[in-house]
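This report concerns only the one structure given below.
Naming follows writing order (A, B, C and D), and every chain is counted from residue 1.
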Amino acid sequence: MRELVRPAARIDVPVEGKIIGIRRLTAREKVFRIELPGGARLAHQPGQFVMVGLYGSGEAPISITSPPSPGESFELCVRAAGALTHRLHSMEEGDVVGIRGPFGRGFPVREMEGYDMLFVAGGLGLAPLRSLIRYVLERRDRFGSVTILYGARTPADRLFLDELAQWEGDRSIDFRQSIDVGEGDWTGRVGVITTLFRGMELKPARTMVAVCGPPVMYRFVLIELLARGFLESRIYLSFERRMCCGLGKCGRCQINGEFVCRSGPVYSYLHAGRLREAL
Amino acid sequence: MKKLEVDVHHLTRVEGHGNIKIRVADGVIEELKLEIVESPRFFESMLVGRYVDEVPHITSRICGICAVGHTTAACRAAEKALGFDPPPEVGALRRLLLDAEFIQSHILHGCFLALPDFFGVPSVLALAETMPDVVKTALRLKRLGNTICETLVGRHVHPVSMAVGGFTRWPSRDDFLHVKTMIEEAADDLEETVRLFEAIETPSFDSPAERIALRSEGERYELLEGVVTSSAGDSVAEDRFDRIIRETTLPHSTARHAHTERGSFAVGALSRYAVNHDRLLPEAALAAERLGLSPDTTNPFHNNEAQVVEAVQCAGEAVRLCDELAAARPPGRFKAVARRAGRGTAAVEVPRGTLYHGYELDGAGRIVGANCVIPTGQNQANIERDLHRLVGVLLERGEGDDAVRLGCEMLVRAYDPCISCSTHFLEVEFVD
Amino acid sequence: MREWVLSGDDLEGLIDSISAEWDLYAPQRKGRLFEFRRLRDFEDLCIEYPLTMIPPSSLFAPGSEVLYHFDPDRPAEIESVDPARPIALFGVHPCDLAGIAILDELHLSPPIDRCYANRRSGSFLVAVECAAPCVEESLCADKETYRARRTFDLLLIPSSGDRWFLRSGSEAGDDVARSCRFLRPATYEDRCRGDEESAARNARFKARFGLDAPTLSARVEASWDDLLWSAQSRLCLSCGACNAVCPTCHCYAVDDVLPVKRGESGERRRRRTGCQLADFAVVAGVENFRGEKAFRLRHRIFKKEVYLVERLGRSGCVGCGRCGHFCPAGIRLVEIFRQISGEEKVDA
Amino acid sequence: MAGILKPKIGVFSFTGCEGCQLQVLNLENELLDLLERVEIVNFREALTGGTNDYAVALVEGSISTASDERELKEIRRNARLLIAIGACAHTTGLNGMRNGESAKLAWSRVYPDRAFDANVAEEVRPLCEVVDVDFTVPGCPIDRDELLRVLTVILAGGTPRPSTTPVCDECRRAGNECLLDDGRICFGALAPSGCRAVCTSYGESCAACRGHLPGAPVSELMALLEEKGIDREEIILRLGRFGSRERAVAALLEELFPGGRNAQEAAS
């Protein structure tokens, strides 16, 4: 045991990510545009995440909400949930954060080509899905129909309002949204996200589904999808677990034998359905 | 000077909350009191019904500054009640810990709380800018006292392993030798401190007092046990202290006033020095000489100097104890003392004077009665008497409000009162 | 592979020659327990010890360590920890050796864990064969970890008449042995005697369940919905002792320590933690993916007997018996396996 | 706190032993470096003079009188961040041992010759029951390193994270024997780590002075200790030393002293 191989790449220590733009979406969520040193490209897939860190507050896994692009920066949509994320919210343009990644496996975008796309996003789950949605919309011709279902708690909790409006106005997209609790002048639909399925014409045999939202949502959405005959292998879900490394070492994110940070966070239901701890 | 009013609300740089109130009209002191206003904590009430093993951990929380002292007194009193005589190494380690607490407390008082007065600044934090070396020296010495306790019993504030019957963890030989080295390395810092106090001019003030401290047979400058001895000649066994010390409560204080039959008396560093000066180690005796102390001093301000002398004394004693303990065979694995009924009172010297704890236990080893007599309470009557005299002197000199206020504050501080402790009086209700 | 004969008196000589190059850690008493500590005095060595509470592998994967130093105002690492002076572990039991082998695979598979590699590379392992199972909870016979097969640099095999066989398992082991003048190469007769003694010793290690890893794994897998998990975890205090003493537990959390003094660097630290602690799988302070003791206990056993078997091809439990021996609530693998396998072959 | 270069700090004290303030002064090795980054403007134990102009208040002690309550509210108005330090401030510490007993009765035992002081509250309360507390540094006394960890994070503009793992974890990793195996009462499984398990490392059982973790396994521990033959009453008394404000413990205390500690005495 004398000489051991030294690691070549250094994904275990962060690089400097400079905040070049901040946008507030709701009372709890902000979008940060981040640039890597020397304008390096992150080169990520939709559904992947980075570890964002601030010394003194540790690190947190955050999905990349922008689509892969040749450009030099990327976006993170962050909810102020705890110590680190609150501190992120107090940061300003020009401040720097630590970035490691991208990590994990995202959505199988190549395999999805040629299919109709159904997106089911609940709450903050829109953040990772937005990356895929925009990827698909940028390559609209390679995909069949596009349906986006979005559920939020209240109207004020909805993210990316400008984009929601755009999708709503886009005739080539079937966009539907619903909120759990009606509020103020909300005239749209009220009810849990599964109510959006009612009366929809979907073609399960030609559709790929991407789902992201809070754990409870998965159970209900899956019942709905399976009842309509969607194939287990074409339903993709993104999972959230505790993560301290992103390297498959810390053991925190395990769902049964899987390390979510390496083989996830996106899994097909064909696979995840067999993981007894997943849902 | 016809009319004067001093009202120091929340006396600072003392442990605990206290007020000084003085009202003078037509040159006559109409009102003078040292109020102790700490919220009462009802320790005696809380102790009743608890098992004896818990007592040191509970009474330690009477005061974080003399935690080792309270814990030691509690352990010794409980052991007496249980009829248990700990082996001599246990006594030696307790002495060593008291030495450490004395060093830490005396340095805290002398350099952090009292010194700023002599340089006319509000706190040691201000001194840190003007006299950084003095402050660094003091910090190192204070650290020394803390580190000794940390190494030997886990921490200073609420020591962990001091228990009824001995120590739940006996330090290793290396621990003792490590502590010894640390103390030896502090010699220069102690010398610096003596020099610092040599250069300070003590206010001159004359107020003779009866002085009481523990004194034992043998040659030790006693801290742990012994006979309660008065400079007036009385002496009495520790568990009979109430034969010479009587207490009364006063309406303006949550503490009690103590008297001998001759009136108020003083305890603390200066009293121990007065009673035990012949027992000082040579280096401490030399320090006393350099600081101009004499056993029959009548100036209460000399308590500051006596504390410095004791810091030197305790360091020297601690080194000897380290050697002794490193060479001694460690006692076996700790075993709790068997519970039984009994009654015991013990006295221990703590930085501010003699501390008495007494407990009565039922057959299951639970507390049925507890009593605790604290140094600051014993000093309070004497402090008020000294304040009277001091205000008289200052008025005669024609000093104004500010000078009187500062003089009074300095005098109270010289006694190093620990007001936290003193409100936590426990009741003596021993049914004979 | 070469073998030598070492007389009991020369053990100290062997230790001295290893200590010349490595910081040597060996089993010593700590109160009523044993632990691997820097050996300062040969007298303190307890080579015939039953089991240390903290496994020797903790010297490579300590409970708490600095991952790297940083400037609090800049996100990048400024300085990684200095390569440690290489350490030697003297007197490692075969089960713990197997534990180290598993930690090696987990940490040194890409992406390589720098800190572990730093401590592990250049280390030197002297194993010692056991005369009998150490504790009632030992499962080394079932796990076939009672004999050292690989991973060691030198292996001490007790032999009758106050002597040892010394076997080398690496070049470094050869080098050390060759530098020891007092070693006598083993003769054919020595080997024959050694084999006889080994056979006698091995007979003292009897498997309790007689289940091979795949069979046990399948049985465990089938127990997912069993009531046994809630019954067994009834008194679990979620204290994490079982994780802390396990030679193959490796999960961790990351904490930062910021400097007090302006301009000084801070530390990013790793703190080993365990799946039995209630907070292990909590996200954002609310959702707990293993909120019940039963789920946590099940996960621990599944991790060792199912997930690691899938990943490494062998059980993640090396059968040292620590988790049961040191569990204050008396939760024992032996009992769990007994229930899962439906029978126990040999009386405990 | 981001943006504040040298925040002003006040140190305040209510009912307690002042050991936690002393722990601040006991930061001998770091005090001068700390003073480069903060200004201590209020610290009665160490400094004369005081001001209402401070951004951060470190508050020690429980609230046991009407005047304590008034002063604490005033501090809350002045401070941007209020940090509770020590068990007294966090959970009432052992001051809470007097709860469940009438204050008048307790008073009459301690000061038989003096009239009851109406300032004394019937119940001792932790700070959080009187005002909003931003962070807590638990323990009796506080651990100096933990205090530094909290202060440095705050100075960096962050939010300190409370520990969520038990003292047992620290204790085992420190290589200690478990006191439960010896038939001793130990509460390490209940309390959050962060004290370096100093008590158990020095052979003394953990008293859970740092409070209880959410969902602390009180009933499991009780069952285990009782199975070992330890008297239920003794366990409850011990739990009550620091834990009287924990709901699970309060229920057990009520079981032990129905109607309060001196219900019988009061009735007679």
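Couple of notes before you dig in:
We adopt the following convention: contacts are C-beta pairs under 8 Å (C-beta built on N, C-alpha and C of every residue); 3 or more make two chains touch, one makes a residue touch a chain.
Since this is a predicted model, take the numbers as computed values, not measurements.
When C-beta pairs in contact are tallied for every pair of chains, the largest tally goes to B-D.
Greatest centre-to-centre distance from chain C is found for B, with centres as Cα means. Distance from the chain A centre to the chain C centre is 39 Å, each centre being the mean of its Cα atoms.
Our note on geometry: chain A versus chain B, Cα centroid distance of 64 Å, whole angstroms.
As a whole-number value, the distance joining the C-alpha centres of chain B and chain C reads 51 Å. Within chain A, contacts with two or more other chains are made by residues 54-58, 82. Of all residues in chain D, those touching 2 or more other chains are 152-153, 156, listed in ascending order. Within chain B, contacts with two or more other chains are made by no residue at all.
Under the contact rule defined at the top, the touching pairs of chains are A-C, A-D, B-D, C-D. Interface residues of chain D, counted against chain C in their complex, comprise 30, 33-34, 36-37, 148-149, 151-153, 155-156, 164-166, 168-169, 172-173, 175, 177-178, 180-181, 188-189, 213, 215, 217, 220-221, 223-224, 227.
Chain contact summary for the complex, chain B toward chain D: residues 10, 12-17, 38-42, 44-46, 49-51, 54, 57-58, 60-65, 67, 108, 112-113, 116, 122-125, 128, 132, 135-136, 139-140, 142-143, 146, 153-158, 160-161, 163, 167-169, 248-249, 251, 254, 334, 420, 425-427. The touching residues of chain D, when paired with chain A in their complex, are 2, 152-153, 156-161. Looking at the complex, you find that chain A touches chain D at residues 54-58, 82-84, 86-87, 90.
Of all residues in chain C, only 67-68, 70, 72, 74-77, 104, 106-108, 110-114, 117, 120-125, 151, 153, 170-172, 224, 250-256, 258, 266, 268, 275, 280-285, 287, 289-290, 295, 299, 302-303, 306-307, 310-311 touch chain A in the complex they form.
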